[in-house]
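A quick write-up on the structure given underneath.
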Amino acid sequence: MKHSDRISDKAGLPPGSAVFVGREAPLPTQISVIDFGKGYFSEKVSPSLCEAWEVPRPEGATRWINVRGMEDVQGFAKAFEKMGLSSLYLEDILNTQHRPKAELAPPCLFVVMKRLLTDNSGYRLRAPQVSVIMGPDWLVSFQEQHEDVFGDIVRRLGNPQSLVRGKSPSYMLYRMMDVVTDNYYLVTEKAGELIERLEDRVFEGKADGKTLRQIQRLRKLLVNLRRASSPLREAVSVILRDGHDLVGEETVRYFRDVYDHVIQINETVETLRDLLSGVMDLYLSGTSNRMNQTMQVLTVIATIFIPLTFLAGVYGMNFKYMPELGWRYGYLGVWVIMLSVAAVMLLYFKRKGWL
Amino acid sequence: MKHSDRISDKAGLPPGSAVFVGREAPLPTQISVIDFGKGYFSEKVSPSLCEAWEVPRPEGATRWINVRGMEDVQGFAKAFEKMGLSSLYLEDILNTQHRPKAELAPPCLFVVMKRLLTDNSGYRLRAPQVSVIMGPDWLVSFQEQHEDVFGDIVRRLGNPQSLVRGKSPSYMLYRMMDVVTDNYYLVTEKAGELIERLEDRVFEGKADGKTLRQIQRLRKLLVNLRRASSPLREAVSVILRDGHDLVGEETVRYFRDVYDHVIQINETVETLRDLLSGVMDLYLSGTSNRMNQTMQVLTVIATIFIPLTFLAGVYGMNFKYMPELGWRYGYLGVWVIMLSVAAVMLLYFKRKGWL
Amino acid sequence: MKHSDRISDKAGLPPGSAVFVGREAPLPTQISVIDFGKGYFSEKVSPSLCEAWEVPRPEGATRWINVRGMEDVQGFAKAFEKMGLSSLYLEDILNTQHRPKAELAPPCLFVVMKRLLTDNSGYRLRAPQVSVIMGPDWLVSFQEQHEDVFGDIVRRLGNPQSLVRGKSPSYMLYRMMDVVTDNYYLVTEKAGELIERLEDRVFEGKADGKTLRQIQRLRKLLVNLRRASSPLREAVSVILRDGHDLVGEETVRYFRDVYDHVIQINETVETLRDLLSGVMDLYLSGTSNRMNQTMQVLTVIATIFIPLTFLAGVYGMNFKYMPELGWRYGYLGVWVIMLSVAAVMLLYFKRKGWL
Amino acid sequence: MKHSDRISDKAGLPPGSAVFVGREAPLPTQISVIDFGKGYFSEKVSPSLCEAWEVPRPEGATRWINVRGMEDVQGFAKAFEKMGLSSLYLEDILNTQHRPKAELAPPCLFVVMKRLLTDNSGYRLRAPQVSVIMGPDWLVSFQEQHEDVFGDIVRRLGNPQSLVRGKSPSYMLYRMMDVVTDNYYLVTEKAGELIERLEDRVFEGKADGKTLRQIQRLRKLLVNLRRASSPLREAVSVILRDGHDLVGEETVRYFRDVYDHVIQINETVETLRDLLSGVMDLYLSGTSNRMNQTMQVLTVIATIFIPLTFLAGVYGMNFKYMPELGWRYGYLGVWVIMLSVAAVMLLYFKRKGWL
Amino acid sequence: MKHSDRISDKAGLPPGSAVFVGREAPLPTQISVIDFGKGYFSEKVSPSLCEAWEVPRPEGATRWINVRGMEDVQGFAKAFEKMGLSSLYLEDILNTQHRPKAELAPPCLFVVMKRLLTDNSGYRLRAPQVSVIMGPDWLVSFQEQHEDVFGDIVRRLGNPQSLVRGKSPSYMLYRMMDVVTDNYYLVTEKAGELIERLEDRVFEGKADGKTLRQIQRLRKLLVNLRRASSPLREAVSVILRDGHDLVGEETVRYFRDVYDHVIQINETVETLRDLLSGVMDLYLSGTSNRMNQTMQVLTVIATIFIPLTFLAGVYGMNFKYMPELGWRYGYLGVWVIMLSVAAVMLLYFKRKGWL
């Protein structure tokens, strides 16, 4: 059992090898055991998944084991054996670069999701993994991060008036997926704002080298966003198509709601890609326009003065016999000619629309 | 219960939370109760959805409650409970950024649509939401805007000779969808005209920085248009595929008509995107052509005069022993050489096609 | 009942409204009644569709009413009522911007097609609509144009030896669709020639501003062509998939032939789009190449003469103490230096491949 | 019955019209009758298809009539009537611009294929048509070209030890399709080599106007190649899906092999398109790079000498009171200033990376 | 039987012809016979495939013949006849340019895969073929390369505690496919790093001609990677869809794991293509930006000095009557004028943002 930062380090290991692919957090794995039922709720902290599983629970209560942090790989492996769960699940849970998916293996339902987080600038996306295994009367959730994405749900369960206490595990699963997809909206909206701001800056002609960098970063963000959202659609549709027995008829409706959200998110991502490539086009044609303008200024100045300079050069020659040099109004005449040439040129450029 | 301008503010709320995602209008929600049947029609105003639902109605009449404005969120929630409708419907109705969809949940049929509006310039698109719930003998329609999109239908119902009075709720639903899709034609035609006008301007060489901005705005408009029209296709096809029981065999035919329109709208949107990207290409190659022309003018002028200026410079040198300077026809000779050089150059450029 | 030039003018009208969307021709609607059967053929002119329908016909004969021009909207509406046909058909027939489609509504089969016409230049495409309703022993065809696209078929029916007389209405429908799709080949071939000619001109370097305009016009033509051909594929496949009862087993084979043609046309359109975008690329890179060449000429001339001019300028200075000016071979030396500089430059450019 | 060079000349003709769309060869149609069976083989030349069909054959033998050249249109038509084959087949066989397809009409199987040929340069593609009709114990193959693509098969049949003699007609059909698809590999490999060679030339900076022409020609070649290969996939899959009865279970396996090849060819074509568009991008950015380089040379030379020339010009002025002109070290000083300016400039450009 | 380097050399050969399409290695084919079962394991070297097949094996043991190198074509052909395997398999095994596929032919399952290898630079991809035929209690694997990709598996089998010994042939097949797909991760990660490094270099403005070459090489690499990974998806899905009988219910789950990996690899390849095309865009716009900058420097320098040089030229003329030349402060005045012009120009460019 080892820890690894890259998925390729797993190459060559036997299948079901429990290797945590991710950055090791300095904190120990946090495990809380939540039992709830109609009018009942208790939350305990447990040192290991094995012990958490063996905490006695009141009859009829649903058990939810909420695991945060992936450090205790060996403990997980032992617990999975005891709980009779496939080691392939554990492999997928620990491989935090796994794509979102849902797997139906009655009586269990296994879901891998991505929680989306951006940094303050909004340009950098992290997608820590959240996996849930649902059994007939229990759920185990695994979060790559220690910071609990399900905090709100636990708080609501703690509220004695909450109707959630009486709900089925599949309803809980729905709530978890709902919380996770809600995160996506925050990210797409942030990205939308960034794109709009870039667009404004490009329109105002304030684009510079940094702009290009930001476009490329947003592009990467959208690519990663799509990687996190597009398989989710398939995952939810698997539950909708084949999960009726596991999920229950009345909860299916809620999953359809999640499905709607996931489709909307995917559409938004595509729209954002469209808009971003529009901004890129604007940027490029802005550059091209500016070059055009530069060229025109250069051309106007150069084409006006080059012939005049030539004329001046001619009368700067030192030939002995240059009759014009001796004329009384030669100098004046040259000025007249020069100004006429310049005027004609200016008129020409005016007509061309270059001035 | 709260109001929110952005969909992300809903993140973390429990499912079925009734939150109005949209701009709050200063007006109160307007609710009218319309009962109609063969030879029968009445229209009343009601202060709340609850009371509207409880207004007594003649036997055999179909009830249509037409709600305009989404302010009375709490009233809606109460009414939905009384009417036995899912709070998920209400969530979708209030989330005015929801994508168009149709949901069959016998005995109800729930449809979310977008009404399309452009401002005078035609460049800015708004898509206020219109949702309809259809029951066995009633309909409830919700409009984000206070201005009634179904005004024509009500007026027609008011006409005693109208055959519409005797029709089923599903026929009414069809009429509503027909009115909404008709709106799309207005928008696509307007966009088509704008694109054509842009194209003309680009062809006439009158394109400027504003043109680029307009292209980008049209691009955004088409992206939004597609977001509003493309899910509609799926929505109508859901009704056609699975809605026979709810909609009735003879009305299905009308929905097929709506389906035809929706497909045509989607095709038109794709065509407009094609044409717009053609205009963008034209614009860019126009810019490039203009730059090319500028370069040629500069090159012609510069390459003709640079050698001549050099020659003039040579005979402007002050060396003591420069035999040419003393020649009788030196000055004349230099002119002859200069003019010959210029003539050769001009011929060369002529042959190159630069003049 | 009214006439309208734009589809959006129909917005707000009740469904099945008979409005002719198209340019009103100055001619009255022409209606001919053709009865044919084994060894039998008669053709009469009728003033209105109603009367045409009521012309007595010999037993066993198939009736084909061929309507040219859409002016008599009111007459059509009356006739449809008498013939027991849905007003939705009439709406589609009169809406001449309808996309091609086939609708099976036993015992009728309703087909909307586009006849393609180009003007002499080949750049402008018109697509007048041709609709056919087929019943058990009759056909009614509606053409937007007065000029008969089915003239050849009528002439062939008139030939006493023709085997067509004994064929079923569905065979007649096939013949009509065959005639219409044959038209498409003419258009695609013409477009192919125009593209090839453009390509040649671009290769020969004769492209100018007009070329770009022609590319854009061809692009539009292909967009419109695709709009007319791509839904046709779906239409014919609907007949092939579900129309066995209406069309008859032995005629299905002929429709498969039409299907082959339609697919080939669609492929050709895609190929033409590919080729046209290739021509556009060539045009653009041609422009870019020409600019490159211009730049090189400018650069060569300028970089050779600019240093020489500088040298000449140096010895044109009027300093009192410039020893070189007094040297016996100063002037000669300057020339030698100048020519050497020029030679070195030329060699450098030669090596760079700019000459 | 007539000959025609363009498919549009067929427009307006009745269906099943036997018109040869292709270039008429000066040679007469060549027809050979091959009978084979276990240990049996005979090959005869026949003057017409009718007579070929009526040549007596030993019991149990399979007959293969190999037709080369499409000149004898009338003879074909007569023979088809006698053989009881649909005139639609003949129409497709003679229309040598038909797309590849397979049509199952028990007891016959009709296949249209394209044989691919390139000229020596590899840039020009011809795709003469090869059609085969397979019956229960006979095959008729039609080739547009006189040169026999099936020569190898005939030779192998002629070999007394060959196992092919005992095979079914469907196996023969497979062999024919195998020979034809093998041709595709030759073309794709040739095209691949040409693309690689172009790429090398572009990388070596040896690209010129001819290069662009070659890219466009390869582009056309690939477009045509795709037109010939992509429908073939569908054709073979039709045989695999529905042809079990006609083809026989054990031969199906061979067709699956052909299917694999066809898919590989299609993938190769897509890959080649990708690579070619990569070469085009390289070419364009090469052009752009070269322009950039040209610009830099010009800029460096011009910006260094323009200020110096100005200085020289200043001291070439003829003002009476120009104190510098009289200074002892004026001339030397000017040189020092000039060289310093030049040095500063050179340093600046060095830092910019332009040198 | 012959060896060939190009697939086209096979054209014209009869089907099932055993021709090795690949580079001939100087080493002889290496064949090892591995028998394993619960608690049992033996490995022998065999000189030919025939003899390997006939080595006696303990009852209940699974036999795995691991063939490395494709030189012994004749030996293979003989062995296939003896083993009763189709010669089409052999043809595919030897044709090392075959696309990945899986073929179910009970009781056998035939899989063709590609092992991916990059050279040290990471730019050049090789994809030697690995094929496996699985029977009821045996497997034969063929590797194009002599270096064993399955070395790890053999070593693990050799370990007496290994649970693998007791597994079914289908589990072994899964392990082989797992090893091969693990290789893909190494390649995609390497490519990802190279793209990132290119991107950094482009951002830092260090891109040069080499960069473009590297982009093109990565492009080719990704094209080849896709060719190797995209058909694999189909292959595994064939096993998942139809292979239940051959593979066994409990092993199917493992193949689903492989399927997940293959999909992830395909998605990664698409993402890399996206990113690479982003880098290309950056490179191009970087070039364009640099040109723009060059132009601005040139324009600024030229437009400032050209008018000044003209002025200097004017007062360098030798007219007799040029009053300014005699003025006391003429020279000073000219300098003042010149500096003012330069200052105005500089201000103008400052405002334009060119400085």
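Each chain gets a letter, A, B, C, D and E, in the order it is written, and its residues are counted from 1.
Definition applied: a contact is a pair of C-beta atoms (placed from the backbone, for glycine too) under 8 Å apart; a residue touches a chain by one contact, two chains touch by 3 or more.
Model, not experiment: these values are computed from the prediction.
Looking at the partners of chain B and chain D together, the chains they share are C. Homomeric contact chain B/chain C is classed as different-residue, with under half of its interface positions used by both copies.
The rotation that brings the Cα trace of chain A onto that of chain E spans 70°, given to the nearest 5. One finds 42 Å separating the Cα centroids of chain B and chain E.
Separating the CA-averaged centres of chain D and chain E is a span of 26 Å. Touching two or more other chains at once are residues 288, 291, 295, 298, 302, 306, 309, 313, 316-318, 322 of chain E.
Chain contacts here close into one cycle, and each chain has exactly two touching partners.
Each chain touches its neighbours in a single ring, whose members, counted from chain A through chain B onward, are A, B, C, D, E.
Residues 152, 156, 164, 174-175, 178-179, 182-183, 185-186, 189, 199, 203, 253-254, 256-257, 260, 263-264, 267, 271, 274-275, 278, 281-282, 285-286, 288-289, 291-292, 295-296, 298-299, 302-303, 306-307, 309-310, 313-314, 316-322, 353-354 of chain C are the ones that touch chain D when the two sit in their complex. Touching chain B in their complex are the following residues of chain C: 6-8, 10-12, 14-15, 86, 88, 91-92, 98-99, 101, 103, 105, 205, 209, 212-213, 216, 219-220, 223, 227, 231, 280, 283-284, 287-288, 290-291, 294-295, 297-298, 301-302, 305-306, 308-309, 312-313, 315-318, 322, 324-331, 334.
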